[in-house]
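In what comes next, subunit A is part of two complexes: it sits with subunit B in the first one and with subunit C in the second one.
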Partner chain A sequence: MGVIIFYPIVDGILTSFQMRSFLQPEAREFVFLAHYRALIQDGVFWTALWNSAVLTGVSVALQFLLGLGLALLLKQRVPGITIFRSITMVTWVLPVIVIVIVFNWLVQPGYGLVNLILAEFGLPTDYWFSNTTWAMPLIILMHVWKNAPFFAIALFAAMQSIPDELYEAAEMDGASAIQQFRYITLPNISYVAMIMIVLHVLYTFNNFDFVWLSTGGGPLRTTEVLPTYVYKQAFDQYLLGYAASIGVVMLIIMMMFTVIYVKLEDLD
Partner chain B sequence: MLIAVLPVATKIFIFVVPDCSDGPMGKISKRDFLKASGIAAASIAGCLGGNDQLTFWWIDGDSTEYQDLNDWIEETVEADTERQLEITGYAYSDLHQNVLTGGRQGTPDVIEGVIEHPGDYVAADIIEPLTDRTDEIPHFNGFLESALDAFRFQDELWALPYTGNGRAIVYNKEVLAEYGYEDGPPSEIDEFMELAGTINADYDDMNGFHLTTERGEVRATQEFLSHVYQHTDGSLYEWDGDGWALQADSDVFEAILGDIYYRLFHGDQPTASSAYQSAGYETNDIGFTEGEHAMIHCGPWINGFRDTDAQAEMLDEKVAVSLLPKHADASDATYMEVKPAMINTHSNDLESALSVASTFTSPETIERMGEINSGTVATPVHEDVESTLENEDYMAFIDAFENGVAPAPIAWGPVREGIYDAIEYVIFDEQTPAEAANELEQTLEEANVELNPNEE
Partner chain C sequence: MLNTLVTRFKTRLDDGMTVRRATFVYSMLLLYYGFLLIPLFWLIRSSVVTDEMLRAREINLVPLAHMTAENYAAVLSNETFRLYFINSTLIAVATTVLTLGVGIPAAYSVSRFDYPGRDYVVLGLISSQMLPLVLVLIPFFTVMFRIGLVDTRVGIVFAHAVGVLPFVVWLLKGYFDAIPQSLDEAAKMDGCGYLEIMYRIIVPLSLPGIAVAAFYAFVGSWNDYLFVSLLSQSTGTRTLPLGLQLFQTAQQVDWGAVTAAAVVTAIPVVVLFALVHKWLVDGLSNTGGKGV
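Our next item is the complex of A and B:
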């Protein structure tokens, strides 16, 4: 346990106080808080932190709302719903690289489907991943497209565990569908929902591949997030110590969510 | 590896044991037991590092296109060294990273790369100097000095070249002829951009001139540097005895950012549609062969994009090459790309590793590469190899290679980031070329480009 978990973490934290190059990682020199002082003055770090917060906040909120809506749909007893439930999971099982390639193709100038449709209606076309306004929304869209179905399945499973008697009793008391949702469904799925939200906050905040593969952090750093910034510092600039200090900031932020997660699990 | 070999060893052991039990004594003989133990021990030793296989990582190590060539290299090396050779393919970013993280373990024995890699590997103490080993390379005297010079620093030769090129303008001669430029585009930048802007305005579905501008795209920095080298007549940084000194200033950067990058997408007559802002190399190269651009920055590999008949027709009949346009006070310099093969200094068999590098960079291998992709040998780095260029319209690539400037062996990370920022600020009109140029000069002056691990 110590070797597998604590040694890498402690070494990472120690590295954040050291001057250490990726080219010769065995050479270390203590610089104490120099990296953290540099972080405070590093505009790109603050941009990346803000972008990470926006990406995480917006995409997890949308994933939850869409997932909840989808779960309510899946709950309906209509013909063909079992097939629909299976299809729902397709985007979740798709590899990230495939999703990025698909979206990249869709928004290509000249032949991308999105641009062809826009051109058909006389609207402006663009390579949307290189658009400073639309690059981040597109990345959020990819996250939502991939993960909302998983939210839906998890919430749907939680809804399935609610006894039918509760709804029957509510109906006898004259509760409307909205009231049933508000006072029966929501309270009974809140635990699963919170766990899902916390887990996806952790996943999205740490997510590297969607951004790296689609925009590399551009254009104009509008999609630069902390994981891509750490990668660039460590493997492009060879500044392992500085990269580790950003990693420690990420660790602290993520620990807060982990504490929430653990508390939620204890609630049961 | 252990997982793969242990079952095999076990099977051999199981195979041997019953055979023994059927022997005259009805039990395992001492000799058979020793035989089985020996096989198992040898298998495990192989797993634990006693592996006799040589390893070579190069970008086309796994490509089906180069399969025959790789097989031939493996056979040649095996005949020469009596050791098996395993060739593995990686994308350059992964290859570079994996060598830096794991190269000290001795794998791979031989490393292929791009021109910016040897400096990093030298700083990381991963590659072996070849200065004293050149006599062991039969074809060494045939290498072009300019190609070898790209890998000479710290008084040592660190790599052997196998392919090279210089960047030039690839243009659609039919389109340019319409505008009276039958002999190629203008060599002066202002006139060049004017022509590109006119073509862009006249054609609904064709950019006049296009460059790669995507953040993170290596080509974007190489194309930018091509124009810088026209002003510096050497690399962006030169060693002045104490350290690396920046050779360009904000005036040079402003001229390039203003006259080329700003005018790509802005001004009275932009040369390309704004939909192409931040586009990568595929959009540039493949797009050109599909008729999306009248002129682009490119190298001889453009001749390899022949997936469709239309592309082949374009490359055979409509394309010509000229040197890059330049400012009046600048030279014909351009970015020179030379790709190297390097030897891992931690290899357990440097002699065999040298044999691999020697085989890989030999005239015969280079000629075989040229048969697979003619662009590789358009401007050969060895005098015993003939250029595959036959089309007269492509000959400017040879002049471009001769004018090429090899990048300095510095830490390119901070330089690239600065260049990406400057390009993006200008093409998105967030800063004027003058502002972006000043910021770029400051960034490059302050950047720590020394490949000294103790300097952070």
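Our next item is the complex of A and C:
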């Protein structure tokens, strides 16, 4: 297993120092840091890096906040709450392509549901995935739609394991609902929350499917992210070495988060 | 009438849950589940209406007069789509079997034995989750090419199994760790070998965890787009996520067929999810959110 997983990494890092074409992958010529030098001057690379950071930061923040809110709702013991609990994660299992189709269909020009509703209120309509302002928010929305429920269920599970006595004691002492949340709920779910956040930062930063299948990085590169840029360099431009050097930059960024994750695990 | 309903509702509420608070909870739930479920509802609705209704510029939630099963008939009678469905099923089942076959003994070994380098194996398991897939893609492709597994189902199964295995081992390790070592000791006293301990004690006691792991492997394979698009070069090996492109060309999209095909693609994973849902949530509570 080590060979299967680690060989590609080593080879990937090696490739980033080489001139290598997808058409003749066996022909390798060492160019040392040439790719990295080109990378620094590549405007698209910086755009993609920035877009990746925005996409990751905003989606994970929204997933966490929305998930936390939903977890608090799911905790309420109202009749029928178990039905809500059990259907929550349904979007999480859907293939990304199905999610993209759903949202693509909703924003179709003219007869997409979103546009029908907007037209009803006299608002402008558009094919929103091709809109330079709204394409990125739509991709973020798809990420949130898929993952916020997972945050909710994990945080809900963490809340379930907090003993009731803690809340009863707090109530005796006259703590308000907000104080109970701040001093009992939040500290008790922070471990799970941190793990979830780090995992989803990695997952979102690394994700290729959502952008590739919805906008392909367009319009005008406003949704270009590092994974799609690597893919294009490797499989459209056949520049394996250059693609690998972008991949190595991603690897370094993800390793920083991995270190945080491993540190968190150690606390257990 | 309303009063009696409210009274009956009140009797079902716990202490501290007033009708006002319950109303607030329900309205927030409706708001959230609207966001969650309306897109899904619209997908399903679109898959069962006529083409004319699809392109109608009016919001008609359940257009009974314009319902049709034609989209499903078109999708299911498409031979290429059926082939993709079969490919998806074969590949996902094989991935699950292979992953569990390798993953259970692997998880057992990291859970029960302390050998040199074990910590690195565990660290490798975690960090392999965090690699940029696109970086791995290029060398992976050249390896597959060299051993002649490009454009074969076996190659795709292999790719998927490698992809999900680290996580499955990590997940199973959590479940195996929760089984008291004293049971192993007792079995050893009774003369059981390690394999017997694994199959007679560890596996039966962690069936829910194994079900979740199997679900994870199946879904990982079923939903994958990237590896199939890379390794598959002919219809013989393509799977459903790619099959959804069958009903769209650059000029035109047959939205009725596309939405129906999307529903068909989603059904197996949603059904499986319903089966393991309880264990998945329990697992989340037990492992503190580490699972899945």
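Worth a mention:
As a working rule, the second predicted complex is superposed on the first by the 266 of 268 C-alpha atoms of A that agree within 3 Å, B and C clash if a C-alpha of one lies under 4 Å from a C-alpha of the other, contacts with A are read in each partner's own complex, and residues count from 1 in each chain.
Going forward, contacts are C-beta pairs under 8 Å (C-beta built on N, C-alpha and C of every residue); 3 or more make two chains touch, one makes a residue touch a chain.
What you see is a predicted model, and the numbers here were worked out from it, not measured in a lab.
Overlay on subunit A: subunit B and subunit C clash in the combined arrangement. By the touch criterion stated above, A:V225 is placed in contact with neither subunit B nor subunit C. Once the two structures are superposed, subunit B and subunit C can be ranked by residues of subunit A touched, with C on top.
Contacts of A:L239 after superposition on the shared chain: subunit B is touched, whereas subunit C is not. In the superposed model, A:V211 lies in contact with neither subunit B nor subunit C. Touch criterion met: A:G110 reaches subunit B and subunit C at once.
Legend: residue contacts after superposition of the two complexes on their common chain; A:F129 is shown touching subunit B, with no touch to subunit C.
In the overlay built on the shared chain, the residue A:A154 is in contact with subunit C alone; subunit B does not reach it.
In the overlay built on the shared chain, the residue A:L73 is in contact with subunit C alone; subunit B does not reach it. By the touch criterion defined above, A:W145 reaches subunit C but does not reach subunit B. For subunit B, the stretch among 6-14, 60-68 or 366-374 that collides with subunit C in the superposed model is 60-68. Once both structures are placed on chain A, subunit A residues 22, 108, 110 are touched by subunit B and, in the other complex, by subunit C. For subunit A in complex with subunit C, the residues that touch the partner chain are 1-2, 4-9, 11-12, 15, 22, 25, 66, 69-70, 73, 76-79, 84-91, 93-98, 101-103, 105-106, 108, 110-111, 113, 116-117, 119-120, 145, 149-150, 153-155, 157-158, 160-161, 191-192, 195-196, 199, 202, 206, 208-209, 212-213, 226-227, 230-231, 234, 240, 243-244, 247-248, 250-251, 254-255, 257-258, 261-262, 265, 268. Those residues of subunit C whose C-beta lies close enough to touch subunit A in the complex are 9, 12-14, 17, 21-22, 25-26, 28-29, 32-33, 35-37, 39-40, 42-43, 46, 54-59, 102, 106, 123-124, 126-140, 142-143, 145, 162, 165-166, 219, 222-223, 225-226, 240-241, 244, 255, 258-259, 262, 265-266, 269-270, 272-273, 277, 280-281, 284-285, 288-290, 292. Of all the residues in subunit B, the ones that touch subunit A in their complex are 97, 100, 120, 123-125, 205, 214-217, 273-279, 283, 287, 292, 411, 413-414, 416-417, 420, 424-425, 428, 430, 451, 453-454, 456. Residues of subunit A that touch subunit B in their complex: 19-24, 27, 29, 31, 108-110, 115, 125-127, 129-132, 215-220, 232, 235-239, 241-242.
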